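Presented sequentially are two complexes of chain A, the first with chain B as partner and the second with chain C.
On to the complex of A and B.
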């Protein structure tokens, strides 16, 4: 049967493309502040300040909007380091090795937008002083004297929906995970939500847990954690992800 | 706005007199046949879909074959999935709304009043100021910064306790400001005691003011006389007119209780909207303490016809780009557009409670002094055991035969107070009204999609 035409908001929210399982709807999606599989909410922050366009996961000004003043145009390529007098970067300290001495690891690490801008996101229309520094290509951090420019906070939500001028068409699906190439392999922290478990049948009675890791080449025996040597490597994944991942189709591993 | 008003003007559920009317249909879907083409209402999640004629034929056939066939077809269309509403009641519902029975007494003698001429069948009482303040502290003490809450004044006639009402409002506004809570105020009054300075006060605090008016002139007077028997309409209109002209922050609305004696709804609606009320809504009288004024089965057909006539007038005005604030249809369209689906008819006993003059909490303003809806007191707060039992027992999945009714998540099972008093005599009326509203939604979504743009209705 061809798809029914969703009319009201709850129907549109539950829209499911033909053939997709229920876990692909927004309500069950992995689409939080980290790159998601369906959309990447971090892109909501790119246009939080009227006039400039930020990187979704960094404090770099990647561009400016058309028709801005020369003052704002000059911000392209700079790094935003403080908003309303509050730093949005922090020095990271810690030991280099287990038990080693505590040293400064990163002088000005970027704090992700959701936390860094929590104080101003509820104040759309307000003008706040924003502090910028040049980008140091050598370190990827800020360098040089500070420039303070007053910028207006843009509403990213209206009436509970994403504001039309907060993201351009296509932006919410930029910067998605590329799970079958790199990102799933990269996430070795059991990050993925319960709808996509990466480690199942876990037995924690021993010293180290055993279970089935989604990346293990042989799915029959339980192996020790994800450090086990029989996991699919990056290179193998790049070369042959459909063959190795064996997607479950109609309840069975595909060959 | 006020008290988490239900989608419907009053009770709902399943009729005793026609328990088999939708047996051949499906508890999961409802076909909406309109001039704008066939549409499907999917009960789980209150979703509305447009259908091709072929799809509509498939659903008609499946529904004729019974609920299981319709459920299979729904799955084929990819519209199945986990249930939209769980069987388990919510736990730890925070208090967000209180109504204070500041005066358990009244100067009118309305034939049908749930408060039995204001005193709830007991002695007349006035709420002491310290009880009102304790209620405010209880409400705002449970609200985190940034949350929204509502404080309502009811009775009896709340303006018989003007001093307490104003003091509680000022106290609450200040406390809410300190705590960063967005607090709204509302009052339901019979209008006979309203003074011009009340308008100034309500305007200053942005009250939602609801005036009970049951019709125009004699029609109103027959139902809402003073205790001495004289009519109250002329006095109410004289008192309220300045407020209608004054409303900026405040909104002054009319609420019409519908009995067998005031069934000309289009005339009443037109008349009251013409008086510049912010909105006008109807509430069918389904259960009065004495049985007087209650609508009977035949009356409900007339109420439905009147409601649909009012709705049709509303549709005509919206198509012409005019405002026509008929509350019942405005609310229904907004909720259908959102796809609101819920296991209760309102927030009574969940986030909303009534407070009696002596400081007891009840499931809502109608249960003041009634053990069936007792929820503890202001000193110790909500009795969580009683609340949990209430939420478990009142869940629409526990109501028979609501469980098999397609309207269950729009209706929520009907006003608890009316259902406990009289059962569910109005289910045909409710389904009829919702059927009409679904059709109106589809028609207006096609003809005037701008009506449903963000922030409207």
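On to the complex of A and C.
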């Protein structure tokens, strides 16, 4: 009889039930969501602090939960800039001209939730000081004096699953493309290449590689032009994506 | 001993991903090797970068009419389409497990247990598609589906309904079926979720892009919606914004992207189970979702939902010794990404071509448009070889060169040349900046213990030979340096005397040489006057980290120390 330590959360999360292919497990789903493929996993963090609701991809407080105190209610519309004294934004820096000096381009860009809040998410129930500033609509950044409010960390995982009060049904997918087929053309899908391939049938025998763009129709084995214009259109995806998109195994079309 | 009580129940897996397909037949089971869910260290580092293999696995045969499992067949091959060419949906099973006491482990709940307890099992499913609601903010745009408590074994449709739908219209979100545990040889309590076909819906009858005109555009605002900031009562747009099918209206500053009102049958939600016996009721829940297939099923992404969940569950710090298989798994997934990624295009080597890439995204912050890496180093051929070498190196127990080149999450906004060359390279993170691994992934890679240390020192030249062996797996980083018309510097790592001779006689060149280009790599007896030493001492040079941190196997010395001692010994 198989058994599993209930406290082994990693084993629970990675458990593959009898008969389930590997693509049913979270290890098959991409996590650099901008916005994502299977989920926009950023939605996991919207209710990390009891009382407020955050934008899935920004440090903006987009709402408060019913019955909160006036202090918490006043946070609506503000920007969360630090948690436990640690900034959750960072300056964007770089050269404005090629070869030029590195300068500040954006003073306070949002940093993704998973890493920014890694130190507090493991402490559900703890109260942590959170620093807020007003939102500057002109820049989309924080402005004005800081306000510090103690907020309680909500448990994101309960019983080994994503907590019910953290994410409501439909929220993990709500900020993906509508319809999802748009994701396959609109996004820089090279950054999900291991799930949604970009460059296939690649030949590396020459000085430089050649290969097909995965969205190309009518792939000619003798003509591997990544920039060929015969890409599957949005309309074709909507009407017949199962007939047009190809499975790729070992880097090559498998069908 | 018969079961008389249960302490708790759980659904495993707690997060089951369904993947759409238009075939009536669900996807067969298969195994992938190596499996990223089970990360043993590769037995042979030189084969660690090989592609994964897919093999058929026992596939539960469900009679949908009765809900019974009739057997577990082993398919002849792994096929993602049926005989008609249709894509098979990935339809996960969710099992109920239990703890008899608080101290006991979880084990599968079976028909026999139910009999011993005289227990009943019931399920409830609640999924939703909130894509239109997320944009419009109109609660009547929520598409919700509830399959209320049931305990029979018939197939149940998950029907998505919405107040802003036309009369009698709905979107099917798939089906669920409580598999009958009274199945010979398969007594476990389980539910199967079968996702939908992946169809597109809209507001307009006769639109060839949609299979049904479900949305009533006279009541809802989804058709005609425009993402806008600062509109009272309207949600703050998504990031990226306007990611819905639509069309352009207006011109100049009034140009806007207007929704055509399209919807899909993707959804996510919750499966609940309750087990009742006597006066007791125990409940558990799990998450399900329906999304697109993975079209490269033998490869896995560098940073996955499993990585993020594991950091949430276990924290960003890896305590204790790192199993080498965990580190290899991460690097191997990076290799799998670049094997399917036109890295030259991602590097912006073709500035006049229509490519979406980070160099172009970076201009949105006001950064100059510029390739990230020198174009000659960004072609997929070289990038693959480079990553293969790193996989072999880590599989051999040496991750000393990896930690220093990882992007720190708080440095994601460093768009300097050096900042953008950190790893993972040329990829976008959830914040729209350059991607960083999870802190736990980085800690895993940095926690790999270096190979066993030193004893014996030898002659300076003998140590140089050991250093060449030590860095053999990194030889492909020198593919861009031609030593004659046909050979690269990487090839000399297989001919150590020839490599030493090259160092003695050649001059500095290549993308990283900078102002030292043309100067002699080695000036005998004068390490400080040798271009190679000066390059390695430059903090931003790629060889700085590997040759100044960690020690070369069997020498107890850093690479830079070995190099300077060797140069000093030459006359």
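What we mean here is this: the second predicted complex is superposed on the first by the 160 of 255 C-alpha atoms of A that agree within 3 Å, B and C clash if a C-alpha of one lies under 4 Å from a C-alpha of the other, contacts with A are read in each partner's own complex, and residues count from 1 in each chain.
Convention: a contact is a pair of C-beta atoms (placed from the backbone, for glycine too) under 8 Å apart; a residue touches a chain by one contact, two chains touch by 3 or more.
Nothing here was measured: the structure is a model prediction, and the numbers come from that model.
In the superposition on chain A, A:242 contacts chain C only, with no contact to chain B.
In the superposed model, A:16 lies in contact with both chain B and chain C. In the superposition on chain A, A:161 contacts both chain B and chain C. Of the two partner chains, chain C is the only one that A:172 touches; chain B does not reach it.
Judged by the touch definition given at the top, the superposed model places A:4 against both chain B and chain C. When the shared chain is aligned, no partner comes close enough to touch A:69: not chain B, not chain C. With both structures placed on the common chain, the touch criterion links A:111 to chain C but leaves chain B unconnected. Chain A is touched at more residues by one of its partners, and among chain B and chain C that partner is C. Contacts of A:127 after superposition on the shared chain: neither chain B nor chain C is touched. Overlap of the chain B and chain C interfaces on chain A: residues 1-6, 9-10, 13-14, 16, 18, 20, 22, 25, 122, 159, 161.
For chain A in complex with chain B, the touching residues are 1-11, 13-14, 16, 18, 20, 22, 25, 122, 158-159, 161. On chain B, the positions that touch chain A within their shared complex are 39-40, 42, 45-52, 55, 58, 73, 76-79, 81-82, 146, 336-341, 441-442, 445, 454-455.
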